[in-house]
Each structure stands twice: as structure tokens, then as C-alpha cells.
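Here come two complexes built around subunit A, the first alongside subunit B, the second alongside subunit C.
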Partner chain A sequence: MTGISGADVRKLVVACDAGMGSSVMLAGQLRRELRTTPVTVEHHPLNAIPADADVVLCQQGLADRASRAAPGAVVVGFRLFLGDPAVSAVVAALKQGGPVTGTVGG
Partner chain B sequence: MAVVELYAPPAGDSGFKARVQRFGGYLAGMVMPNIAAFIAWGLITALFIPHGWLPNERLAVLVDPTVHILLPILIGYTGGRMVHEQRGAVVGAVATIGIVIGSEAPMFFGAMIAGPLAAYLLKLVDRVTVDRIRPGFEMLIDNFTAGVVGAVTAVLGVLAIGPVMRTFTAAAGHGVSFLVTHHLLPAASLVIEPAKVLFLNNAINHGVLGPLGVAESAETGKSILYMLESNPGPGFGILLAYLLFGPRALRPSVPAAMAIQFLGGIHEIYFPYVLMKPSMVLAAISGGAAGIVTFMITGAGLVATPSPGSIFAYLAETPRGGYFGVLAGVVVAAGVSFVVGSLLLGFGRLARDEEGL
Partner chain C sequence: MLVRPLLSPYAVRLAEFAPDRAAAIHRCADVLEDIGAVAPAYRTSMLDRERLMSTYLGECVAIPHGMDSRLVQRDALAVLRLPDGVDWAGSRVTMCVAIAARGDGHIEMLANLAAILLDPPRAAALRSAAAPEDVIRMLGETT
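What follows is the complex of A and B.
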């Protein structure tokens, strides 16, 4: 999938290799930022992204793998773990209902 | 973002990289959920062995069974669970007992094979039986198919997989001691640091170096292999170089990244800073190699995998009397990475040039 409307997103998954380190950190931040929305934020290893994930956020270097592991989700790759514009764009879209566009495939 | 994009190489993702990452992800995925058990074993070892902090014969008996039996079985269990959930986990653990029994070296690589393999066999068996079971016989069939697969794979482990993996583990151990005795270990940074920033860090550290390190530290009480990939020094040096000489748009985010990397041990946070200017990998390699040289000269080692690779994990897992070497290796690695990284960033000249653009 290449895009989804922010209003339709119910589950946002932050993925990293082990699902124990960087994804937990970012998921924690996003959970706070998205507290007021109906979106559930989870963190998982790339090899175990749940099938009901609507949007998957992961580092660009892992985005290829994420799109294979979660073909039904919109995969958004970001570059920096702190203050990356791609992440802020997703957060804004989820809050205001704008489109979330995938960065891989399509 | 213009400044950041100037530094960004074109994205060249390949299916090959994704495949290697995924394979590495499976290896690391069997070990990482069990890191706490490795740390428990490392702490018990550091405390109670004869030259530990609190030598105690009665408690030191924990050391051997934990590393030879418990840890491989946890890996086999987790590997089985990845393939076939709870049922896979159980047969994975049973299969692993087959290879750990009678082995002198801890059988981590064997567990990484036997666990998933047994679970896969059970998955095939389940696929055949699932539609053929008459109502009321589910529990009977499920328990006995898993029991039979477990028994068969445990026997296979003793007779076949165990001996093969012992040969493999011994060969890997010889390979490592060759590198150590010929002072070639620092060259490992040539492979480790580039692979690390391509997000193969867990695969290398937990899939390869950790299991080799356990074999060494089970004998000698510490291992340098735990520190080859996990040294927080090189990443810290690179971030420091970015803080002082990197593109101005990036600098504000760097101090938080430094804390997360060096104190929190989440190394992933500095990989993007290397990837956006790939020549920075030279700073990582030289820092990593300098750190390893320092560890070798000072005879440093840790008692278990420091995971995450935080300075606190390093200090907690340093054996008695080993602080100087461990800290020296971290500091030297950070210093060398910082100097090389600053050179590569032109001591801020690049950042100034961009502002003129």
C-alpha cells in the first residue's frame, strides 16, 4: 500500500531490528504525542509486524524489509530518530486527518 | 532539510541487503529476548567464581549449568517460538537439550539451528494432522505429535546435529583465537563498523560475537569479543564531531542523541549520521579498531554481552580489576573517532560552505 488517510489509521507500528531498543524509544514519544487520537502505537521487531498495522514507521535503511514484512501497511521511512520531518508529517496527518504517504514501493 | 539532503547519498536499497538483514534479524531475535538471562549469568560469574568479587563455591556451581544448559535451551525455545509459537517453542527446547548434553562448549549456534528446525518439523506434522483429528482427540493428538517430534529431534541432536555443531563451534573458536594470537582482531572493525550502520549491529553482536564470547568467558571469566561491536566509544566520537563541526541544521538534535547513544546504549541513533555522509564510516572504523587495540593491550574483557551497549552496561559487566582497560578502550575509541570524524567534516568548513550556497 502506498497511502492512507490519517483519519483511517487505527494502529501505528514503530519497527526496528530487535523491537527492543530504538523502536521502543520512538514509540514512547509518539504515544505521548498521539494521546488525544484513537491511534494505538506499538513497537515490534521487523520480522514480527502484526498484520493489522495500518502504518509502519522505521529507519530508511530498514524500510525495504518492513515493506516485505508488512505488505498491507503503509511504510514510512525516516532518517533521524530525533526530530525527523517525515515522522512529524505522519504525526500531523494522524492528528488532523491528512494523507499518510508511504516511502517504499508503489 | 536542504542542508541534510546535501549530505545524503542517493538511496540505493537492494533486496540483498534486506535479505541479509532479515536473516540476521532471525539470529539476533533468538538471542536478544534472552539477554537478561545472559546478564544474570554474567553477574553470577563475576561475583562467585574463584577470582570474582565474592568468591563462593556453593554459589559458583550455578555458573556451568546456566551457560551450558539454560542459555542454549532459552535460545532454542525462542527460536522454536519464532517458527511455530508455543508448540514450536516447547519442541525447540526439547531438541536443544539433545545437543547441549555431552558438549564441553556452550552450544549456541547449535541451539539456533535445532530449535527452529524442530519447530518447523512440528509445523509440517501439524499441517498434516489438523484436518484429520476427530472431535475429542485434539489434545491427545496435539500432545503426542509434539512429544514425538521433541523426542526424535532430541535424539537427532545427540547423534547428528550435536557432533556437527561441536566441530563448527570448535572451528569458529580456533578462528577467533587465530585472530587474537596474531593480533588481527582490530581488523574486525573493517567489517563490523560498516555492517553496523547498515543495521546489522544486532546480527553481528548477538548472532555471532556474543555466542563466541560466551564460549570464551565460560573458560576464562571474561571476553573481549563482547566489546568488538558494542563499544559506545566510536558512536560517541562521531556524534561529538557532528555537534561541533556538523551541518548547523543538525547540531541541535545531537546532544540528545549523544545521551541516548552513550548512556542509553541505543546505538541506532548515530547510524543515520554516518549514512548521511558515508565517508564518516572511516571514523567509526578507526575508532573501533583503536578501541580494540586498547582492549587487547590492557587485556580487557567483559563478563557478558553488554546489551544495550551503554557505558553503564559496560561498567556493570566489567570483571574485578578490569576497569582501567575497559574505560581506556572506550575513551580511546571515542577520541580517535572524534578526531577522524572532525577531519572528515573539515572542522566545520563544510557547514560554513553550505551557508554560503
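What follows is the complex of A and C.
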């Protein structure tokens, strides 16, 4: 998938390799930021992304693998765990209902 | 029964020194082992993780951790400040927050860490905290 409206997103997954460190932290941050929205935030290893994930956030280097692992989700890659503009854009879209555009294959 | 906290004063080291990234990770593993959080093989898993992908977070902070949660004996964090700084594959690191976790009990504290680092006055306070208890209090505060 290449894009989805923020208003249609119900599940956001932060995907990673190991699932102990930075993805957990980012998921915690996003859960806080999105607590006023109906969006559920989870973190999972790349090979265990649930089928009902609408949007997947992962480090840029893992984005190709993530989009193969979750073909039904919009995959957004980021570079920084703190203050990445791509992540901020997704948060804004989920809060305001704007479009979320995938960064893979586009 | 003694309930051991996720972050104890003994696991907060305010003035560590490490000549390079590998040495810093070894010091992190030393502390996690010392507090009984991980099996000795966790050290190798931490070094492997770092080679695979850097645990550099931003704002001069890295969060070293292993990849095999079976080597974790109890969930715990360790905070090591490195006042002289360490080269972390091109970035400068002055604080490591080492992670040993099987569950999600540490997620709140990591989310607090991120919020603090994005807030310059609080980040400065964390970097200059004079006592381990101050670091623990800051990371434990829910915002």
C-alpha cells in the first residue's frame, strides 16, 4: 500500500529487529502522543507484524523488508528516533486526518 | 519480599570512562551483570546488536541492548554517563541507557527519556544531575 487517510488508521505498528530498545521507546512516545485518538500503537519484530496493521513505522534501512512482511500496510521509514520529521508527519496526519504516504516503492 | 526496581541507584554511574564504543558497551554489560539482570552471554548479544545496527538514539545518547531476551534474568536499566564522550560510529555519546528486558515494564521509562531529551532544559538537568537518585526521579516522572 502506498497511502492511507489518517482518519482510517486504527493500528500503528513500530517494527524492529529485536524489540527491546528504540522501537519500544518510540512506541511509548507515540502511544502518549496519540492517546486522544482511536489509534492503537504496538511494537513488533519485523517478522511478526500483525495483519491488521494500517501503518508501519521502521528504521529506513528496514523499510524494504517491512513492506514485504506487511504488504497490506503503509510503511513509513525514519532515520532518527528523536524528533524525526517523517514520524512527526505521521502523528499530525493521525491527529488531523490528513494523508499518510508510504516511503517505500514510491 | 524485596522488589527490585527497574532502575536502582547502584545501576546509575555518573562518571564512567570508555575509550571507544565497544568498551562502553562492555561497561554497560558489566553493570547489568553486576546487578543480576543478565547472563554473561548477554554481553556478546549486545555487541552483536551494535554491529548489526547502531543503538545511537540522538542527543548524545545511546541505548545498548541485546537481542536475546532469554539471556535476561530480570528487567532492568542501567544509566552510564560518559563525561568525556565516546565516538559512536561518527556520533558523540555522553550517556548510555543500557536495557535488559523480557517484558514491556521499561517502556514508560524509555518514553520519559525521549520526552526529556526533546526538552532542552530537562535534558540539561539530566546530564548534570549530581546524584543517582536525581536521575531515577527524572526518568520515573510521568509527563
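The rule we apply is simple: the second predicted complex is superposed on the first by the 105 of 106 C-alpha atoms of A that agree within 3 Å, B and C clash if a C-alpha of one lies under 4 Å from a C-alpha of the other, contacts with A are read in each partner's own complex, and residues count from 1 in each chain.
Keep in mind that, in the parts below, a residue touches a chain if its C-beta (ideal position, glycine included) is under 8 Å from a C-beta of that chain, and two chains touch if they have at least 3 such contacts.
Quantities reported herein were computed from a predicted structural model and do not represent experimental measurements.
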item: Overlay on subunit A: subunit C relative to subunit B, clash or fit; value: clash
item: Touching partner for A:Leu46 - first (subunit B), second (subunit C), both, neither; value: first
item: Partner chain in contact with A:Pro85 - subunit B first, subunit C second, else both or neither; value: first
item: Partner chain(s) touched by A:Gly61 [first = subunit B, second = subunit C, both, neither]; value: both
item: Which superposed partner A:Ala27 touches (first subunit B, second subunit C, both, neither); value: second
item: Of subunit B and subunit C, the chain that contacts the larger number of subunit A residues; value: B
item: Against subunit C, colliding segment of subunit B, chosen among 37-45, 55-63 or 127-135; value: 37-45
item: Subunit A residues contacted in one complex by subunit B, in the other by subunit C; value: 17-18, 20-22, 25, 59, 61, 80-83
item: Subunit A partner contacts - residues on subunit C that touch it in the complex; value: 49, 52-53, 55, 57-59, 63-67, 69, 99, 101, 104, 106-108, 110-111, 113-115, 117-118, 143
item: Residues of subunit A that touch subunit C when the two form their complex; value: 17-18, 20-22, 24-29, 31-32, 59, 61, 80-83
item: Touching residues on subunit B, where the partner in the complex is subunit A; value: 1, 4, 8, 11, 13-15, 17-18, 21-22, 24-26, 28-29, 32-33, 82, 197-199, 201-203, 252-253, 256-257, 260, 264-266, 268-269, 271-272, 275-276, 308
item: Touching residues (chain side subunit A, partner subunit B) in the complex; value: 16-18, 20-22, 25, 45-48, 59-65, 68-69, 79-83, 85
